[in-house]
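A, B, C and D are the chain letters, set down in written order, and residue numbers restart from 1 in every chain.
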Amino acid sequence: MEKVLQVDVTTVRDWVGRIATDLEANKDLLTQLDSAIGDADHGTNMVRGFTAVTAALHDATPGTPGELLVLVGSTLISKVGGASGPLYGTAFRRAGKALGAAPDISAEALGTALAAALEGVQGLGAAAEGDKTMVDALAPAVRAYQQAQAAGASIADAADAAARAAAVGAEATIPLQALKGRASYLGARSVGHQDPGATSTSIVLAALAASLVGSD
Amino acid sequence: MEKVLQVDVTTVRDWVGRIATDLEANKDLLTQLDSAIGDADHGTNMVRGFTAVTAALHDATPGTPGELLVLVGSTLISKVGGASGPLYGTAFRRAGKALGAAPDISAEALGTALAAALEGVQGLGAAAEGDKTMVDALAPAVRAYQQAQAAGASIADAADAAARAAAVGAEATIPLQALKGRASYLGARSVGHQDPGATSTSIVLAALAASLVGSD
Amino acid sequence: MKKLINKPEDVTTEALRGVAAAHSSLVVDVDNKIISRAGGARKGKVGLVSGGGSGHEPLHGGFVGYGMLDAACPGEVFTSPVPDQMLAATKLVDGGAGVLHIVKNYTGDVLNFQMAAELAADDDIEVTPVVVNDDVAVQDSLYTAGRRGTGATVFVEKIAGALAEQDKELKKVADVAREVNERSRSFGVALTACTTPGSGQPGFELPDDEIELGVGIHGEPGRERGKHRTAAKIVDFSLDAIHSDMPLSGDLAVLVNGMGGTPLIELYVVFNEVNRVVKGLGARITRSLVGNYITALDMTGVSITVVRLTPDLTKLWDAPVETPALRWGR
Amino acid sequence: MKKLINKPEDVTTEALRGVAAAHSSLVVDVDNKIISRAGGARKGKVGLVSGGGSGHEPLHGGFVGYGMLDAACPGEVFTSPVPDQMLAATKLVDGGAGVLHIVKNYTGDVLNFQMAAELAADDDIEVTPVVVNDDVAVQDSLYTAGRRGTGATVFVEKIAGALAEQDKELKKVADVAREVNERSRSFGVALTACTTPGSGQPGFELPDDEIELGVGIHGEPGRERGKHRTAAKIVDFSLDAIHSDMPLSGDLAVLVNGMGGTPLIELYVVFNEVNRVVKGLGARITRSLVGNYITALDMTGVSITVVRLTPDLTKLWDAPVETPALRWGR
């Protein structure tokens, strides 16, 4: 018999912890990707951000998933800088705000939160899909999540679909020419490289799926 | 029957022309030697100097060997700079002055001129033999010349002896520790490298011997 | 990678401590990473705040002082600072007449300054941002993040700073800042890539006989790679890019800027070539800077910035300035 | 070798043309290679002439102007200038009160300046040479050419220049120059060697994990090679060499000087460490310079110069100066 887990503030804490670990493990990869078409700091930026997040979560004990994600977002805004700081910060803040004060996250609420994150990123950065940014991982992830969820999948399965779509989306940035962010300066020379921000987004969503394994 | 040549202003012109050609051919070697224990400019310095000398001799027609060598020396002082400029310049000027206004150079006069050159270099630079400088080529060359000449050798053979002694002296600088000039900053690390200035002195004296072949 | 540092993650903090120790005219808040003038805000004077990633020194901290910036916010190396820093700096320099944010056009700088401005508005501080985007190497179109801000920043900060010193209102100070930006163009060339302390690797690999034309100041590769060539040809190429975007005429200010690893003697060789081209176009250089003003760590290369002066801009440029990196008249 | 030049043999001449085009406060005699102040000699003022090989920019040409040098004679790259230049410069700046030759202690500079002084004496110009020899990396003994002149040159030129501006007689100006030299010590460290345009090769090969301690400013290797280490340890080593030669106490002026290829942010990290050590010794830094002042082309590395100040020297240091590379008070 499969044990169905509740998605609450502990799950979200676990997710954020996994993000921190996975980003640390992929720091050099992200920096290398950013070296090819950017300024070689995306790995450092993300790790600095989630190190600060870990410290903030050590000191604070947010009572709800929403509150926790707002704290994550605010911390990223305060500590990361660069393009990814405000964008990821806004994404987490918006997701957190969308979850409101509820103690648990339903499959539907998670879908709404992910959509809110995407809307936050696009509202701030004005990137469309295909511009070779984190949106190219986040947008298909949101779509895949919502499709799976509409088709009755569990929150775990929907999150898994989102993670897979994000990975596919990140890889699909390789042939694209960047139209936003630092990589756009390269024009046609940005083609042939995977976008660092899309890659970190894929890592964030893979961590989500891993934290939700077994949840209904 | 061997033809005995007179050593006059044409011979000295030939000598200076040979120096220019040989330094040009050895420019990179001299710079490499100076790179190891100095500042990598000795080849450039010497070539700049003798290019200027060639130009000066194109415009002027000194009537005597002495006048010609004084012109060479003054040109070197005006155009070379560095340590080697004043030292070589003084050497040639002193040699020229020692030759006075005579139209020809006797074997004895050449010995006196070489000795005057050495005295000029040591008066200015205060280097003793063994200090790993051009003196280590010039001093044994002067001695070898005078010994040969005292033993009744032709001017050609005495110059050849001087050139050989200079070459030996230059090579013998390899195991020495430099006590003068830029190489002295290296202390014990100057050991194991041939002195660039001693090397160019050996080139200058080889050119002299080549110009005097067949002279009595 | 060999650098004169302790740990890569401590570079910016320790450098700030060095700035604090070296310049008694500056106050350095090491924790919040704010460099400001000793003496604080002057009532009635518009405050000037700039900031951006570290690694471009003397930009921006070296331009804090009388007649130029009131505060600078250095981020991590090549990473724009965060809104908290900018907000704190904005509060610090506000003398009641509002604050000008001088923002180089990079997504990160723009977004973070935008957030800071929103937060400042909550505190009832009037903030006007001016975005500097002078780098003609980048096509300014819908298909890019727009032109980068580079060498013109020095002129914008100096000239707007001079006007602010006269207690002119925020709108006028912002207008002159925009005017300088509009009259400025830059183009950069790299001979070698730079290495950030964090990555330890050069940003790109450049063969021994190639150069990057249209390079940025963050080790971003340029718009095209080409064979290495003479200083004369590099200047021809660069000024051609500038002149075809903004025809050069009249009195010009020219900055020949070293990228950090370029010997000054080479910058003067380049300046000589710029002067040749400018004269050939019938224009003339009436103000100049030659040296390292906006760098990319240890990159070797040069950027050329040209400003079409007006008599008023020249006067503001000549006004007294007293900062670590630019000083005259006091 | 990639450099921003045209032909190696034209570098110094073209750079001089660049200097002429960039600085209207200077007069450049390109043929004779003399940089002097616009306006010429002032009657009754001691003239200050310095010079040395090129490749150390801004030294010396960047220090010509009010309150500092009257003229500079740049030689070829890393090659001391020739007596003709020095003589012409000496005549140019003589205002009847004699001329001070500021000579860095290198065989070439010393011999050429000596010849120039003899020629000037023939023209009835009183010349006093002052030899700068502050580099503690070299043993000052019978067994070397003596200590090299490095960073102290900047202080000697500035302070003697300030006194000369007060129309003090030649002996007093020479005395203060010697006093500054005697109270100054320097030590340099290279992370990489430099490449002259003429040779196209680095002066020495330095493995990726090694540094040269006690390096000179001409690409001469240092007194020992060691493993690369933190900025803190490099500063400890350097200041130890300085302090054991001249105990540091009281008020100090400190120059943290980039060798040409070192990012400014790293120089500030170094300055922070120097400040730490100086404080630990109970002394304090009251005047400072951080940047590229006496370089070795594209070498990466740093030299540290310490001057034990007196109230009089501090006053002269603070006096107005207006040169391309050092400017305050006007």
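The rule is short, and it goes like this: a contact is a pair of C-beta atoms (placed from the backbone, for glycine too) under 8 Å apart; a residue touches a chain by one contact, two chains touch by 3 or more.
Every value quoted in this text rests on a predicted model; they were computed, and no experiment measured them.
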Lowest number of touching-chain links that must be crossed from subunit B to subunit C: 2
Centroid spacing, where centroids are CA-atom means, of subunit C and subunit D in whole angstrom: 29
Centre distance in Å when subunit A and subunit C are each reduced to the mean of their C-alpha atoms: 33
Subunit A-subunit B separation of Cα centroids, rounded to whole Å: 76
Mean-CA-position distance for subunit D and subunit A (Å): 55
Multi-partner residues of subunit D (each touching 2 or more other chains): 77
Multi-partner residues of subunit A (at least 2 other chains): none
Chain contact topology (line, ring, star, complete or other): line
Listing of all chain pairs that touch each other, if any do: A-C, B-D, C-D
Footprint of subunit D on subunit C - complex, ascending: 2-7, 11-12, 14-19, 21-23, 54-55, 57-58, 62, 77, 191-192, 208-209, 211, 228, 230-232, 234, 256, 260-272, 275, 285, 288, 290, 292, 295, 297-298, 300-302, 322, 324, 327-330
Subunit C partner contacts - residues on subunit A that touch it in the complex: 31, 35-41, 44-45, 48, 77-87, 124-125, 179-182, 184-187, 189
In the complex, subunit C residues that touch subunit A: 53, 75-84, 106-108, 111-112, 114-115, 137-139, 142-145, 148, 196, 198-199, 201, 203-204, 216, 218-221, 223
